[in-house]
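The two complexes that follow have chain A in common; it is paired with chain B in the first and with chain C in the second.
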Partner chain A sequence: MFEAVAFYLFAFLTISMFYVAVTTSQALYALSSLAAGMIFISAFFFILGADFLGAVQIVVYSGAVMALYAFGMMFFDTTRDVKEKQGNKAIILGLSVISALLIVVIVAAPIVGSNIEALYPVTEGAGNTQEVGMILFTKYLVPFEVAAVMLLVAMIAGIVLAGKKMDLSLTLMNEQEILRMREEDKNKKVLS
Partner chain B sequence: MMEIGLNHYLVLSTILFAIGLVGVMRRKNLLMLFFATEILLNSVNISFAAISHYYGDLTGQMFAFFVIAIAASEVAVGLGLLIVWHKKHNNIDLDSMSTMRG
Partner chain C sequence: METAYFVETIIKIVVILLIFSALAGIGTYFERKVLAFMQRRLGPVNVGPFGLLQVAADGIKLFTKEDIVPANVVGRIFKIAPVITAATAFMAAAAIPFLPSFTIFGYEVHPIVADINIGILYILGIMGVGLYGPLLGGMASANKFALLSAARAAAIFISYEVITGLSILAPVMMVGSLSLIDFNEYQAGGITDWILWSQPVAFVLFWIAAFAETGRTPFHLIANDHEIIDGFGTEYSGMRWGLFFIGEYANMFFISFVMALLFLGGYGDGSFLGALGLLAKVAFFFFFFLWTRAAWPDVRPDQLMWLCWKVLMPIAMINIVITAIVMM
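Our next item is the complex of A and B:
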């Protein structure tokens, strides 16, 4: 009973939040409704008994990813309305619903057809976090390390791409230096 | 109706995936396109966690963790590229990228 009420409540909330995130023309509305949807999704993880996954969802998505988007939006002009593609909306909607249904059918058909057995069954008497640790650091140790290297590469790439000229601080320079730097930028743009 | 099974979660995941696909198709702004991609990844995570719960297997949760790691690194690299593009062309619309001339 409690599970059903929680499921339907959070399903409604998640769907409406993501609908707003997809359809709104204001970038800030999209950002905040997306963050709300992420937090509501972690409720499903808690209902399903995946406590650690729910905590990671809140920390990573609504903490790190949303903060990154918020910082990124400071660079862009977010006050003007977002332009949309002009296409036939009925065709787009139909295509996406059909493709999503097809994906579910393709994935669910073998599961329904055969009895699958748990490869790494749930350990009795251990909490979810403990189980995750036991599986992650034995069977999935190599993918875990590869994921760590991938995150390092992504971090360095992000710093290199976005951090150009961040070694200069406008507050520490005097007026003439700033003017000279702007002149050099103008000359570079003319040349290129 | 009151008993929540695996199919409930799969249907919810399908609906969220469809919303994300609609977003990918109709958005022109690249930042909004990234938001739609996040929705896609999250809907897949829900179905991974649900299958993991109903089959008593932890593999689904492991895959969800790796999906989250991939999403985080995608955002880092993608936003870096977007900032570079915005500095150069002063907009982040998809139309301005239709040609591959630098």
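Our next item is the complex of A and C:
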């Protein structure tokens, strides 16, 4: 009984939060309701008994939305409404409804079509965290490693974009060029 | 059975809420007294014996003050921000075993609200969400000092979450569980079994990060009096400000419990002496928060970021690698 109550409560809360996030024109409302919706989703994991995924959902998404807040601080006066440039409302509505329907069909079709069952039964005596680890390092090892490599690429790209003088390579320069560059840097510091 | 469990949980929640809300008030009294003695002052002396009723006087003041919502703020976010800080602090407490289980009137009580097997992850996650309070309060306040404080809260959140996560990873690898009760069992053999001795680096890192997560001096940047007035709290008055306050002090108590359970053996074998030991450890950690505030100046935000990314994070990574090699 409690499970059903909790499910409907959090389902209602999640949907209403995301509804606010989409419809409001106030950046702070949008961001806060997005964060709240993301955290409410973790409740479904807890109801299903997937405690580890629930906690990870909270940790990951609260951090991710926090980064969005930082952008919001940079680009908007968050206490004012944002003036949105809206084109043809009918086209926007139509396209979003069609894409939402498509996603539902894409996700639901294989479940209905081939009667998907849980192929990996629960291991006796293993906790929630161990289960995730086992499946991650056996069946899904390749996607896991690929994701790690992609994150590494993204990290290096971020460092190169944000760092200074990353377009110069010290190994390709000879001694005099390096010395001249250092001199220029010193002069710059004196001027500034 | 389900109804009994339901009633028991409700009672536990109410007890924890009442005790720690009161402790937050008494904590301010201790803070003022300890700071006063360390700085050769008297602290509160006038209200009641030894100034003890100062807590009640402050409470009356907070509750009866006019509740001001300034004109240009984002109303709903401004009002909900203090609630987030206070509520998440108490939500984190749901997975903390405060005492060993004991029997009262022939009924066995486990002093933990929800014994989930990923307790540490849950507590750290929810405590992290607690920083949304200062962030939202600061951004909604339409005040430049509050906005600065919000920016600092975001920076601390994003960076020090990494340190807490990485520093407890090495102990978690040793124990092989994320449950605080399992951590306690692992160290039940006495002082020599404490994880402090095998993971001193992780302990120090976690302790430093705890100061940042609770926003205490020397990392008290989000509400630094001499730079940005009261930061996110500048525009708040009355009990709205009081909720921020309760959240901060409750967080201090809860992170002290977490540190004692993770690294210092918790309640040991579950005897009465062990329970007293846990409370003594928590009291020491709480006292240390106050001691640091009396002894150290605040660092600058850039120093805080430097410390996080260039010192603490590499040390935490090296600690994990060495632990992994030793365990293999």
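Definition applied: the second predicted complex is superposed on the first by the 112 of 192 C-alpha atoms of A that agree within 3 Å, B and C clash if a C-alpha of one lies under 4 Å from a C-alpha of the other, contacts with A are read in each partner's own complex, and residues count from 1 in each chain.
Everything that follows uses one rule, which is that a residue touches a chain if its C-beta (ideal position, glycine included) is under 8 Å from a C-beta of that chain, and two chains touch if they have at least 3 such contacts.
Please read all numbers here as calculations on a predicted model, not as lab measurements.
Enquirer: Mind working out whether A:30 is in touch with chain B, chain C, both or neither, as first, second, both or neither?
Expert: first
Enquirer: Under the stated touch criterion, which partner chain does A:133 make contact with: chain B (first), chain C (second), both, or neither?
Expert: neither
Enquirer: Thinking of the overlay built on chain A, is A:94 touched by chain B (first), by chain C (second), by both, or by neither?
Expert: Touch partners of A:94: none, neither chain B nor chain C.
Enquirer: Hey, is it chain B or chain C that touches more of chain A?
Expert: Counting contacted residues of chain A, the larger count belongs to B.
Enquirer: Figure out whether A:69 sits in contact with chain B (first) or chain C (second), or with both, or with neither.
Expert: So A:69 meets both chain B and chain C here.
Enquirer: Determine, under the contact definition given at the top, whether A:162 touches first (chain B), second (chain C), both, or neither.
Expert: In the superposition, A:162 contacts chain B only.
Enquirer: Contact-wise, after the overlay, does A:39 reach chain B, chain C, both or neither (first, second, both, neither)?
Expert: So A:39 only meets chain C here.
Enquirer: Check the residue A:56 against both partner chains and state whether it touches chain B (first), chain C (second), both, or neither.
Expert: So A:56 meets both chain B and chain C here.
Enquirer: Need the overlap of the two footprints on chain A, from chain B and from chain C, as residue ranges.
Expert: In chain A, residues 1, 52, 56, 69, 72-73 are touched by chain B and also by chain C.
Enquirer: Would you mind writing out the residues of chain C in touch with chain A in their complex?
Expert: Going by the criterion above, the answer is residues 2, 6, 72-74, 76-77, 80, 116-118, 121-122, 124-126, 128-129, 131-132, 135-136, 139-140, 142, 147, 150-151, 154-155, 157-158, 161, 165, 177-178.
Enquirer: Per the contact definition, I'd like the list of chain A residues that touch chain B in the complex.
Expert: Contact set of chain A toward chain B: 1, 3-4, 7, 11, 14-15, 18-19, 21-22, 27, 30-31, 34, 37-38, 41, 44-45, 48-50, 52-53, 56-57, 60-61, 64-65, 68-69, 71-73, 75-76, 82-85, 87, 89, 92-93, 95-97, 99-101, 103-104, 108, 111, 116, 118-122, 131-132, 135-136, 140, 143, 147, 150-151, 153-155, 157-162, 164.
Enquirer: Sort out for me which residues of chain B touch chain A in the complex.
Expert: Contacts found on chain B: 1-4, 8-10, 12-23, 25-29, 31-32, 34-36, 38-39, 42, 45-46, 49-53, 55-59, 61-62, 64-66, 68-77, 79-84, 86, 92-93.
Enquirer: Touching chain C in the complex: which residues of chain A?
Expert: Listed in rising order, the residues are 1-2, 26, 28-29, 32, 35, 39, 46, 51-52, 54-56, 58-59, 62-63, 66-67, 69-70, 72-73, 78-79, 127-129.
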